[in-house]
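Below is the structure I would like to discuss, written out as structure tokens.
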């Protein structure tokens, strides 16, 4: 059994503490929200851990994570280790690792997949960093990952940054898969040839080529709301989809599906985009085509 | 000077009659609307023309055009000729030509581009059919096409159907070009790095790579409405864009730009598409992500 | 235990006969290849079945299936039933059903998914037709579908045609999912941030959002060929992807992901497409850009 | 008549010197290639200009331009002005302007469009910077821009960076337009319904909606090579297309057409992409589909 400091007890971190404790590990959690926190401050958290310490960060990517790493670099000691399990951009990892390495503190980046289901199912983990550091943290990873062969729910992806890189690409693929299901659902709904759309989708769960966890979730959603009309078709995107597309650009890799999935989300949040107003204006100019006037 | 029967005096046909008459030709027009019609019926129209007759059809594609051809096949005589100048699907042309050929009536299909500007600028023409028939109708084509070298505003594209095929592809390209300008406009609007978007677009009219008639029309639209917000971004599509994509499918030709332009129009007419409701539902299922509830 | 005539003993039909017999059903198979056929002709096959007969067709879609249905309409008797389990276009089903209904022969269309794995895993089934006909064939469907709850591997999708419609959309989704994984794989390969790409992909099999049967197959392929360079990136497409895109056009449904996946396959089979030669020619014209001359 | 220092006498700079001199301006040019250079060094160039000097940089974007600006900041004096006419990323402009402003040297960024045709036709110009600086350089801009109304070939787009931003978007649109023509060309070639593809495209030059300079160039290319098969379909991309897509990402603007055009270029340079090898491998796994083995 090992001891872990865990910073950030939101939806993900809270569940991870539960899963780790259920596996018999000691977790000292810190969150700004005192209702869920085990400690009063990062300083307090560090003081409650025995050296060499492992501290897992699970706070929002970007500035919050970077600031937490900086603060930890001043609190931890040589031989300790920090793991960033958040959704950081992989380029942040090198900065974090260098900052900590200057004080002989180790660093791993860990992409974590599985959402709210991870508490019970386990989390898919992709880790970047030195093999020796990965080895030290393996009891933690083993507790967080799903049951079954380790290599089916955990990978040591490469050097620092590779874990978040793998997670970024994972999410890019996820965008594409979700959009594929979404287009199929819309086609079934629109054509009305299939009478019982939820039944068809439920019937894809076994034996078919498209069987997948996302399909299972779609079935679950349709069980609750058979036409999916309780929700608006307004879809946020997190950083990973955008970063994946940036990587496609940087590496000259065609990514038509992933970009289409991302753009569909952008478009879902627009009403009467400037682009389509321009197309309407052009049609109006050359053809005298009927157009919709605002308020008309 | 030649004589022409012209069926259909809507936005396009009406202007074409004007242009033909201005060129000195005799046009007998028929339209269901007696206010613009020169004749009371197709029978009357045919009786007013000297054999061998040329009758130009300019009515909506599909059933209306097919029905007009059928009616004309019963009214015209061997040696006469029908020209379909509407936006018919190219597969209709073979049917029309065969029907008329059985009575030794000639047939040409003619794609016509230029919109409401054609009356003054002339119309771009793409013609399919036998060379001898094209030759007979050339005075008409010469009057309708723009000034300048004939081969820059007119083409004999091939056999029956080739004229409408060329027009279909022309429109597919047009969809892509319009969407390209539209995306550029939206990017300029969104980023706010460029302060005077209409001035930039106006300044592209000479010397640049993107100079084009569509750009001129965009400038015109921006002169009237600098942010293009009098119109809704709701864009219809006519058959040609869809048929172009069908041709891409049938010929295994990748058409990512033309399809993207068509899909952008489809999406512009949707509110909260089923697809994006499905994506929202999936995110909700796996991540407990914040979503917008209807009415929420 | 029931009795079934099965026409077409290729890769799919052969395995289905195995699975049905393993479940205790009596299968009389016919194939043009005498090495695998149980009978010498369709006539012979029909004579070996007791009325009311059920005959399952598993031959190539289009003309071969249509011809088989026609032949069966002359051999079967009132009260018999035909099931088309091939990859027919859903519009063929109405024609088949009407032809057979004239002789009081029933008809079901059944989309079958699962490939070569179906023999052991069972096949995902989507059925169109009358509920009473579905009921009669249920022992067959139960033997072919995977173990587990019936509704997770079988659906009665709607009237005649709905089964193949559901299968068509299933395959459209499949195209999108495959392309999503493919783009992710290429990005991992290209960027070289992740050192062990197969390990990362293997590690996605449990706990992650992208876990799926296609992912399992990708892991299997990478186990055999870690850089996937034994195969050429030349990908055929079957009818269903194209038909799905046609449905998107017909129903004005944006399908950017499914179309992108289809176009990627088209492009994979081209070398120096006319389109890209045109782009190269344009760049050459306006910019004097360096271009590759053929043989240069 | 004004005096201008011009750094970089490649394809673009050389022609611009010609056009400026033809307009009666004094141009002192510098290039590393002594055969075309008027001076031996930047220092020599600066010494040959009367204060307040205007120096136009026309060297490759990125490091070469940044280095030239740095060097000029040490050679020029307060009241002088630098204009970057290259294809710099707009974010470089702020850096350049700040560096020069520290020495009271002015800075303008100028997007230049028109390629090798600009010498005779004039260049489309988009300028970013202070109005007073724009005013000072106006004689230069007026000589470089096309004849006709100034505002149709020149724009003051906004503050520093806005000129290159406008040029970047211009190029993004250009990518989309080129790909639209390219897809149309390929469809015409593939379907073979149109017998004389070059004639059809030539016939679009007047009266049609797609008439444009790019179309004129396509006609020119087809005049030289009617099937465009002297060139390989291998297409480079410059920075602007990629940056435009980055801007789409950063501003959450859907850019399906521009991205498709960029990805088509990426794909044109690949043979058997990793993505399509992955799709082939998946099909092989689930279906035992025929695939092409390398060397097979």
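All chains are identified by letter, namely A, B, C and D, in their written order; residue positions are counted from 1 within each chain.
The working rule: a residue touches a chain if its C-beta (ideal position, glycine included) is under 8 Å from a C-beta of that chain, and two chains touch if they have at least 3 such contacts.
The chain lineup, named per UniProt: A, B, C, D = Phosphogluconate dehydrogenase (NAD(+)-dependent, decarboxylating).
This is a predicted model, so every value here is computed, not measured.
Steps from chain B to chain C, minimised over paths through touching chains, total 1. For chain C, the chain whose average C-alpha position is most distant is D. Centre-to-centre spacing of chain A and chain B amounts to 47 Å, using the average Cα coordinate of each chain. Chain A and chain C have CA centres that are 32 Å apart.
Averaged C-alpha coordinates give centres for chain A and chain D that are 38 Å from one another.
Residue numbers of chain A whose C-beta contacts span two or more other chains: 114-115, 179, 181, 183, 186, 190, 209, 213-214, 248, 252-256, 260, 263-264, 267, 273, 275, 286. Residues of chain D touching chain A in their complex: 209, 237, 242, 245-246, 248-249, 252-256, 259-260, 262-264, 266-267, 269-270, 273, 275, 286.
Contact residues of chain B toward chain D in the complex are 90, 113-115, 118, 121-126, 145-148, 151-159, 161-162, 165-166, 169-177, 179-181, 183-184, 186-188, 190-191, 193-196, 199-200, 202-215, 244, 247-248, 250-258, 260-261, 263-264. Against chain D, in their complex, chain C makes its touches with residues 11, 114-117, 178-179, 181-183, 185-186, 189-190, 214, 217-218, 220-221, 225, 228-236, 256, 264-265, 267-268, 271-294, 296.
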